[in-house]
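Following this message is one structure expressed as C-alpha cells.
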Amino acid sequence: MNYEAILQEVYQEAKMIPTIGNVSTSIPELSKVDPDKFGIHLTTIDGEDYGVGDCNEKFSIQSVSKALTVALAFSFLDEKIWERVGVEPSGSAFNSLVQLEYEKGIPRNPFINAGAIVIADMLVTHLKNPKQDFLDFIRLISGSPTVDFNFKVAQSEKDFRFRNAALANFLKSFGNISNDVETVLDFYFYQCSIEMTCKELAHAFFFLANEGKTKSGVQVLAQSQVKRLNALMQTCGFYDESGEFTYKVGLPGKSGIGGGIAALYPKNFVVATWSPRLNEKGNSELGMSALELLTTKTGMSIF
Amino acid sequence: MNYEAILQEVYQEAKMIPTIGNVSTSIPELSKVDPDKFGIHLTTIDGEDYGVGDCNEKFSIQSVSKALTVALAFSFLDEKIWERVGVEPSGSAFNSLVQLEYEKGIPRNPFINAGAIVIADMLVTHLKNPKQDFLDFIRLISGSPTVDFNFKVAQSEKDFRFRNAALANFLKSFGNISNDVETVLDFYFYQCSIEMTCKELAHAFFFLANEGKTKSGVQVLAQSQVKRLNALMQTCGFYDESGEFTYKVGLPGKSGIGGGIAALYPKNFVVATWSPRLNEKGNSELGMSALELLTTKTGMSIF
Amino acid sequence: MNYEAILQEVYQEAKMIPTIGNVSTSIPELSKVDPDKFGIHLTTIDGEDYGVGDCNEKFSIQSVSKALTVALAFSFLDEKIWERVGVEPSGSAFNSLVQLEYEKGIPRNPFINAGAIVIADMLVTHLKNPKQDFLDFIRLISGSPTVDFNFKVAQSEKDFRFRNAALANFLKSFGNISNDVETVLDFYFYQCSIEMTCKELAHAFFFLANEGKTKSGVQVLAQSQVKRLNALMQTCGFYDESGEFTYKVGLPGKSGIGGGIAALYPKNFVVATWSPRLNEKGNSELGMSALELLTTKTGMSIF
Amino acid sequence: MNYEAILQEVYQEAKMIPTIGNVSTSIPELSKVDPDKFGIHLTTIDGEDYGVGDCNEKFSIQSVSKALTVALAFSFLDEKIWERVGVEPSGSAFNSLVQLEYEKGIPRNPFINAGAIVIADMLVTHLKNPKQDFLDFIRLISGSPTVDFNFKVAQSEKDFRFRNAALANFLKSFGNISNDVETVLDFYFYQCSIEMTCKELAHAFFFLANEGKTKSGVQVLAQSQVKRLNALMQTCGFYDESGEFTYKVGLPGKSGIGGGIAALYPKNFVVATWSPRLNEKGNSELGMSALELLTTKTGMSIF
C-alpha cells in the first residue's frame, strides 16, 4: 500500500471540505489555537512513518489522554477497574451529570469526563508521584523524552474548572473518589494539558496496534488487554458520536477537544490527526473526515 | 377555638402513630439527635402562644432556613430574584442535578438545594457581613437574641459537602454563581446550621401570617410579597412531597431534614413542629401527621 | 366589593396587554377559533353573576374538564383514586412520557394527560353509560341542560390521537388501564370536546368554592373532598406553570388549551376566563393576566 | 483451526456455567420454551458447517431479525435510512420512550424497538407484499425455503402489544411513521416471530462476513454497506449491553429475547447460538458466555 500517496490524497481532499465548526472555547488557552492547522501522521506496524501537513507541531491532546490513563491503570489494576466505572456508551454529552445521578456515581465508561476522573483517582492512589510517573509513561510509549505538560493550559483548566469540579464532587458524594477532590482534579488537568505532535501521538498509540508492545519493543499491556481497550475505544471513544465514527471510519480511536484524534487498525497501522475546528459533538471535523477518507481509500476497516 | 386543647389532642394522637423513618444521617452531627423528640408550638395572629412536648428545645432548622433567606433576598431584590431561579415545583429530589442540567443552571425554585445556593450567592453579594447580617435578621424576626449558628453542625456540613459542592460548581459553570464557590457554600452551611426552638421558629415565621409584620411590629416584607412567598412555599416547600403536603394539610410551609416544619394559616396562626424521624422524601413523619391532624380538627385550611 | 366595575377594569386593562401566543394547533378543529375572543364571568358565593366580553360564547373546555372528571371519580372512589395516580406536580410538559417511564406507569397527578386518561379509565369502569353519564353530571353542576360535546372536535382529537394513544398504550403496558385502550381514549376525547360558555363554566365550578354544593344546592362532594381537590388544582392545575400561576394569582384553578381557565376563591367566588391565545406552556395568556389583575385589584388570594 | 473441537469445548464449558436468568415472559408464547435448550452453529467463510447441541431446533429469532430488516431496507434506501433513525448507542433499555421524547421522535439506532419500528415502516412503504417479501428475503439469504413465521407468536405479540403500540404511536405523533400504525405493528410482530435453527441463522448472516454475498453467491449488499452494518451491530447490537459484548467478545452481532445471537468475524466465520435464559439486560446468558469462550480460545477478534 502506498501510504505516502494516500496520505497526500486524503490531506488534499480533506482540506477542500468546507468546515463550519470552530476551536474549543471551553478554556481561554485552547481558544488561542490557529483553527486552520491540519496534520496527519501514520505509522505502519513495521515502523514506517508517513506525515503530512502540520504533523510535527505540538498541540494539546486533551481527552486523547484518557485512553492512555486507562492503559496505565489497566496495566496494574486489570479488570478491577470495572468495579468503579462501566464499559457502556453513554448516549449523552461528555460532561453530563444526568446519567451519573441515575446510575449512583458509577460513570458509564472511562472516556466521558466523570469516568476519566475516576481513573485519575486510581492513578493518584497507585502512583508514587502521579503527575511525573504518568508523564514518564507517556514518554516511554511515545519514545519521545520531550513530551511535556503545558502549564498554562493546566492552569487555564483549573481557572475554569467548575463543570469538572461538579463532576468530581458528585462522584465523591457517591463514594467513588478516594483521594482529595482537589488532588484528583489537579492530576486530571495536567493529564489533559499534555502536548504532542501527530507523530508523537501515533507512536504513543502504537502499542495498541501492536499487541501491547511499543515501537521500541516494551510490552506495556497484555495482548488480551489491548483487545479490550481497543473494543472500548470503538464503542465509547468519541463521546456521543462514537456510533457515527464507528459507522463511518470503522476503527477504534480516541478524540480530544484540542482537535486531535488517534486511531488504529490492529496489526496494520496507527494514525493521528490534528485539526482544531470541532463539530457540535466536540470532535475534530476535518480529523473525522480525513479518517473516513483514509479507510475508504485503503479499504481498511476492522469490519 | 381552644388551641390549647386541640394541640394536646394532636400531640397525643400523633404520638400514637407508628413511625418507620429515622433521623437524617446526611451529616454525622444530625444523626446524634434523639429520634423521639417531638414538640409543637402554635402562635395565633393575636400573639397567643401554645406549646406542647419538646417545643422549647433547640434543633437544627436546616432547610427551613431557606424560606428565611428568600424572605431577606426578596426584601431588597424583589422580583429580580426570579431572573436566576424559578418558581416551579421540581418533581425531583431536593439535591438532584438532573433538572439543573436540562434547564441550563436555573434552579426550578429557591427551596431545592440548588436554588437555595443561588439565593445564598445573592445574600453574599448584597450583605456587608453576610453570616452576621443574616443571623441578625433571624434574631429580629424571631424576637430572640439568643438564636445562633451551631458551629459543629456547620463544620460537619462542610466535611460532607460533596453533593452541595457539586451543585455549587455546576451552577458556577452555568454562570449562575457570582461569588467564590467556597464563600457561598460557607454561608449556606452556616445558614442551615441555625438552631431554634419550635417557639422561636413559629415567631420567626409570624410575619408571613401577619401581612409582612413581625410579632414585634416590624414590617419586613410588603403584603404582596408575603402572599407570593406563601404561594411559593405551598407549591415547593416540601421537596417532591409538596403536592402531598398541600393535599393533606392545605397550608403553606417549609420543612428541614433536622425534623422541623414551619407552617401558617394567613391571618390566623403560625405553627412549628419538630420530630426528627424522616420519611423517604426527607420530611418529618410526625410533623406532617400532626399538621394534618391540626387542620382536620380545626377545619382550618386555605382551600 | 364592586365586582362589576372591577371586572370591567380587568377586562379593559387585560385587552391592552400585547399578546404573542397563538391558538392551539394541536388539532385542526381548535385552530379555527378566532384568536381574539376574550370573555370573563364571575359568580359570587351568593350567586350573583358578573360577565364581560365574550362570556356567553361557547368554547372547547378541553383540559378544564380534567378537574370535573376527577370530581366525579372522587365522588364514588374517594381516596382510592390515589392508588393509581399521584398528587405531585410533574415538573414536565402535560404530555410527557418521560416521568411515566421512570415512575412505572403511575402518573404524577390527574391533570397531566396520562393522569386524566387513568381517571377516564376509572369512569369507564364505574359508569353505566360513561359519556352520557359524565355529560349529565356536567349539566347538573353547571345547571345548564344545553351543555354538550362537540362531535367535530372529538373526531379531530381522534384523528390526531397519536400522542394520547402512546400514553394510553404505555399506561396499559404498566397495567394501569383496565379497559380497552380504544374505549378509554374515546371517552377521553369526548370529555375534552365539551363546550361551555364562561358563565356555564363558572357555574360548573361553583361547588368547589361552596363546600361541595352546586349553585342549585346539590351536594356533589364532601367538604373535605372539595378542599383536597382545590389543593390539587393549586399545585398541579396549570401543567408546568402551576408554580407561576400560584405565585402570581394565588387561587386554585384549571386551564385548557381551548383557552379557558376556571379558578375560585373558596367561600367567595368562582371565575372563568376565555382567550384562545396560549403561551408556550399551553395556558391562556390573557386569561392568566386577567386573573392576576383580578386578585391584585381585589386583594383576594388564599395566601 | 479445528473448529469442531473448539465448538465442543466451548459447548461443554459453557454448559457448566451456572445461569441465573430465565426465559422471556414478555409474551406467553415465548415463556413456554424449554429454558435449558442450548445450541451453537458456526459456518466458516469457506462454507464449512460445525454444529453442537440443539443447533437444529427452531426458535423465535425475535430481535435478531432487526439486523435483517435493516439489511433489506439498506439494500434499496442506502444512506437515506439515516434521515429517520440514528446510528448511536442508546444508553437505555431496548423499549425506552425517554430518549425518543428528548430527541423528538428520531430513534437512536435501528436495533432498539423504536428504531426497528421505523425500519418496519420503511419496508411497509417499499415492499409490495411486505410480510411475504421479507420472508422471501430471509429464505433467500438463509438458503432455507422452510423458514417461516410462527403465527401463534405473532398473535401473542399482538395481544401484548401495549409497549410497542406506545412506541409506534409516539413515533407517529412526531411524524416518523408514514403508514397506518396498525399495519406497521402487524409487520413488526410477524418479523419478530420468524423461527430458525442456529444453522439457518448462521447461514442467513453469512453475507455479512462475506462482503455482501450469501453462501449461495447472491450479492445482497455492497461491500461498503456490509462494513457499515457490521459497525452498527458492534456499537448497538446488544441494547444497553453493547459495550460489554464488544469488550468481552469483540465481534459484531445481534441478539434477541428468544435467546438467539448471531455474530460474525468478517472474512472468517459466522456463528449463531441459542439459549433462552436471559440476563437482566435481555440478552442470552449462555450465548454471551459461549461467544466469549469462542473468541478467547480462537484468539479471533476484530480488535
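Observations on the model:
As written, the chain order gives the labels A, B, C and D, with residue 1 at the start of each chain.
In this text, a contact is a pair of C-beta atoms (placed from the backbone, for glycine too) under 8 Å apart; a residue touches a chain by one contact, two chains touch by 3 or more.
Here's who's who by UniProt: A, B, C, D = Glutaminase.
Note that the coordinates shown come from a computational prediction; the quantities given were computed from them, not determined experimentally.
Here the chain-to-chain distance from chain B to chain D, counted in touching steps, is 2. The chain with its Cα centre farthest from the Cα centre of chain C is A.
Inter-chain centre distance (chain C to chain D, centres taken as mean C-alpha positions): 47 Å. Chain D has its Cα centroid 32 Å from the Cα centroid of chain A. With touch defined as above, chain D holds no residue shared between interfaces to two or more other chains. Chain pairs that touch one another, listed by label: A-B, A-D, B-C, C-D.
Of all residues in chain D, those touching chain C in their complex are 96-98, 101-102, 161-163, 165-167, 169-170, 172-173, 181. Interface of chain A with chain D (complex): residues 86-92, 99, 108-109, 224, 226-228, 230-232, 234-236, 240-244, 246-248, 250, 252, 266, 296, 301-303.
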